[in-house]
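First chain written, first letter: the chains are A, B, C and D, and each begins at residue 1.
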Amino acid sequence: MKNGMTLIVRVIARFVSPMIMVFGIYIILHGHLSPGGGFPGGVIIASAFVLLTLSFGKEIAYQKLKESTASVMESAGALIFLILATLGIVFGGWFFLNFLPKGEPFRLISAGFIPLCNIGIGLKVGGGIFAVFLTLILFRLLEKGEGD
Amino acid sequence: MPEIELYLLITLMIVGALVAVHTRYLISAVISLAVVGMALAVAFLYMQAPDIAITQIVVEVLALVILIIAVSIGKEVVDIKGKWETLTIGVTVLFVVIFAIFAYRALADLPPFGSPLMTVSQRYVEEGLKQTGSANLVTSILLDFRAYDTLGEATILFTAILGAFAVLRNIGRKAK
Amino acid sequence: MMFFLCFVLFLIGLYCVLIKKNLLKIVMGIVIMEYSVNLFLITVGYKAGAVAPIVTEGAGKVSFVDPLPQALVITAIVIGIATLALIVALCMRVYDRYKTFDITKIRRLRG
Amino acid sequence: MTLIPLFMVIPLGSAFIVVLLGRFKETVSDVLATAATLMLAILPFALIIPLSQEGIFVYRMGRWIPPWGINLVLDGLSLLMLIIINLVAFLAILYSVSYMKKFTAKSTYYGLFLLMLAGMNGVVLSGDFFNLFVFLEIAAIASYALVAFGVEAEELEASFKYMVMGSVASVLILFSIGLIYSLTGSLNMAHVGTILQGQKGNLISFSMILFLAGFGLKAAIMPFHAWLPDAHPSAPAPISAMLSGVLIKALGVYAILRIFFNVFGMNIQLSWILMILGALSMVGGGLLALKQNDFKRLLAYSSISQIGLIMLGVGCGNYWGILGALFHLFNHASFKALLFLNSGAVEYSTGTRELKKMGGLSKAMPFTGATSAIGSLSISGIPPLNGFWSKLFIIMGLIYAGRYVLGVITILVSVLTLAYYLKVQRYAFFGKLGEGLEKVKEAPPLMCASMVALAIICIGAGIFFYPIMKIILEPAVRVLQEGVGYSSLVLGG
């Protein structure tokens, strides 16, 4: 697994992973209309990266994507969510008040701040899950690098 | 009449869990565990919970990957047998059976399967769309009525990941 | 009966945690327990003959299953994966230090 | 009133920012964490006067009326817990600024610490079963990671044990919440309380047993204590102080008090169960502590013993018992945190935790020696220090309740406590200087400052016990004595 998998797997992974990502984004954006939401969408996006990492080998993944990028995304997503919650105090006087207009039901832009929350959570979950996956899979690699 | 399928699914889950507990090879245990998880996702679909089913499937795949990383890191592939095995198993089984009997009597007091009370949820169902504008009522609860829980949940994920970073550091203390 | 079967699953997990000597088997026991609780919560909210709690445009009055336990279970699933990630990290680290997953050999502390 | 969400927003926000910015410079995270905890330590005192006028604050998250949305409840008991948690947390952070220099990844440490703090504040403020569970998990997961923060073999092992037990406890609690939801259809504690009033049956006792086992595991009451003596000594010293001083109380004792007194309502069987478990852990923890030669391990067993004393006081259920128990909760936080910080300072300077390798340290480390003497005397219940009053009140409560045997046992355990703390003093701080300890220096000033502050709290709470009792403790006692009347207060307000 060290140098990735066979050519067939790589080609298919390169072909499939953008579609998985698009599907994840769809799941996040339509969380208030259909089943799904920030959590599953975030995990789906992360799993697209996981697929790429597994098929191309962890060394290449480590060179291209430092885990810090993912963890910055995670902190930023969490902050977005917290700021949205606090804005409720500013605009309506209550923590977690859904302060945006509700809009027309069944449309993409409706339900106040719910879609924004979903985006924040999606960022957070996607970044976080991928970051922890990278650390887990790179754990031995780093160990070896320092031990030798 | 979805109940028969549900009983079949839960039986499959129990069998899968027993296999996962008793099988000798760690990798087969992980795979049986994944069977349980997937059966759980199907059971969620049968019980009209598509949101949970999606989440369960994606999370299950990820859990499978994580567990396989953990299994492949060690050179031990088989389970360990300890001393006093039969005695410990006997005592534990006795304890578990007593617990089960007590639970069986207690759980009989619950409202029958398929007719929840919905003291509070009735209002979510009736007014959820009007009050929050979200057609998906689960999302409306998750991000509006009980958004504070979701903040906590996001924080838990953040905490666990931060914790994993902390635990996986190579050097904990600085050399003097 | 349905509830009791969920509890049986729970007990299998508990049994696994109590009896097994392998760190990863203990982790699997915890995962089984989490599954059982999630299943139990959804079972509690199931309503016979009702549909999933998503309002569709123009549909008449239909009866929905209880959405609240579903919201709780999403949270519980995420807590489960978070716990799993941390505990697997701990396991890998313990293996790194002791070169074994055997809990009977990992006994520096007296408990 | 609008200040209430700040107890979660400040630590959460600063945790996210510390993690985001901490990788650049260590001082930034020092300053941020200290500032955040300082604000939090002042905040509860600002709420004392408004609360005494109003009696109870109910904050509705997102403006949803209680049974439908989540509500935060601030009453006397929560305020007492908030004061304890945030005060100890501030001093522990102050101590960490110097102490944690030995460790790598300090910003991660601060992040986890602040998340743990947010979790505990969330637990004591929550008025909702599931929300309580969620915040309990935040605090618990942060503490698992913090126990293993040094990534040495023993620490990892202790953390693994702790995490397995803690996860089982969490699952038990969640299952019980599921049972409660299925039975009542609600998750709001006050609402559940009104629905359950007067009901009895197998199911309710079953869910009570699950709650007791789950929270008992978190509080390390005797049959469930196995993880504590490993986990608490393994953590870095300020974390040990937080875990022993605050965490087991916020997650374990507080939750038991809130759920059993205010939601289910106390009855005589429950009171006996609490008293028996309490007495068991008090005696068992004390006897095991006597055998220990590891400084921090001794303190950890002593925590089990003191938690037992608190449960005993709560179990006897009358005014003096509860007052004593709550006062002891406060006192134990102050002196156990102090003693753990002392042990950390000793370890920082000498590099060992073995009592037999120390000796004569009070000459080399005057601040540590003096404050540890105060802490030891206080925990053994020597007048006029604060430990004396709380033990006296608990014994008075036991005598009023007619449990003379338990009262005598409490006095004997008190003597036992004195015995093992004298052992600590004799081996570590008095006598002649141990071998190889000639060059030992006093700990850095910030560490000394927080130890001295805790020692002052110990003395101050002993001398001014009456105003503390009237202003902070009595509202808390009233909350517990009102029992299920809590429901009407929350829902009516």
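Here are a few things to note about the model shown:
Simple rule for what comes next: a contact is a pair of C-beta atoms (placed from the backbone, for glycine too) under 8 Å apart; a residue touches a chain by one contact, two chains touch by 3 or more.
In this text the structure is predicted, and so the values were computed from the model without any measurement.
Taking B-C and B-D together, the pair of chains sharing more C-beta contacts is B-C.
Put simply, the C-alpha centre of chain B and that of chain C have 2 angstrom between them.
The centroid of the Cα atoms in chain C and the matching centroid in chain D are 28 Å apart. Inter-chain centre distance (chain A to chain C, centres taken as mean C-alpha positions): 22 Å. Chain contacts: chain A has residues 34-35, 37, 39, 71, 75, 78, 82, 85, 95-96, 98, 105-106, 125, 129, 132, 135-136, 139, 143 touching two or more partner chains.
Counting partner chains per residue, chain B shows two or more touched chains at residues 50-51, 55, 59, 62, 66, 69-70, 73, 103, 107, 110, 116, 118, 120-121, 124, 129, 135-136, 138, 140, 142, 144, 146-153, 155-161, 163-165, 167-168, 170. Counting partner chains per residue, chain C shows two or more touched chains at residues 3, 13-14, 44, 52, 54-55, 57, 68, 72, 74-75, 77-79, 81-83, 85-86, 88-93.
Taken together, the touching pairs cover every possible pairing of the chains. Only residues 2, 5, 9, 12-13, 16-17, 19-20, 23, 59-63 of chain D touch chain A when the two sit together in their complex.
Within the complex formed with chain A, the residues of chain C that make contact are 52, 54-55, 57, 74, 77-78, 81, 85, 88-89, 92, 96.
Taken together, the chain C residues at the contact with chain B in this complex read 1-9, 11-16, 18-22, 24-25, 27-29, 31-32, 35, 38-39, 42-48, 50-57, 64-68, 70-75, 77-86, 88-93, 95, 100-102, 104. Those residues of chain B whose C-beta lies close enough to touch chain D in the complex are 102-103, 105-111, 116-121, 123-124, 144-149, 151-153, 155-156, 158-160, 162-167, 169-174. For chain A in complex with chain D, the touching residues are 68, 71-72, 75-76, 78-79, 82, 85-86, 88-89, 92-98.
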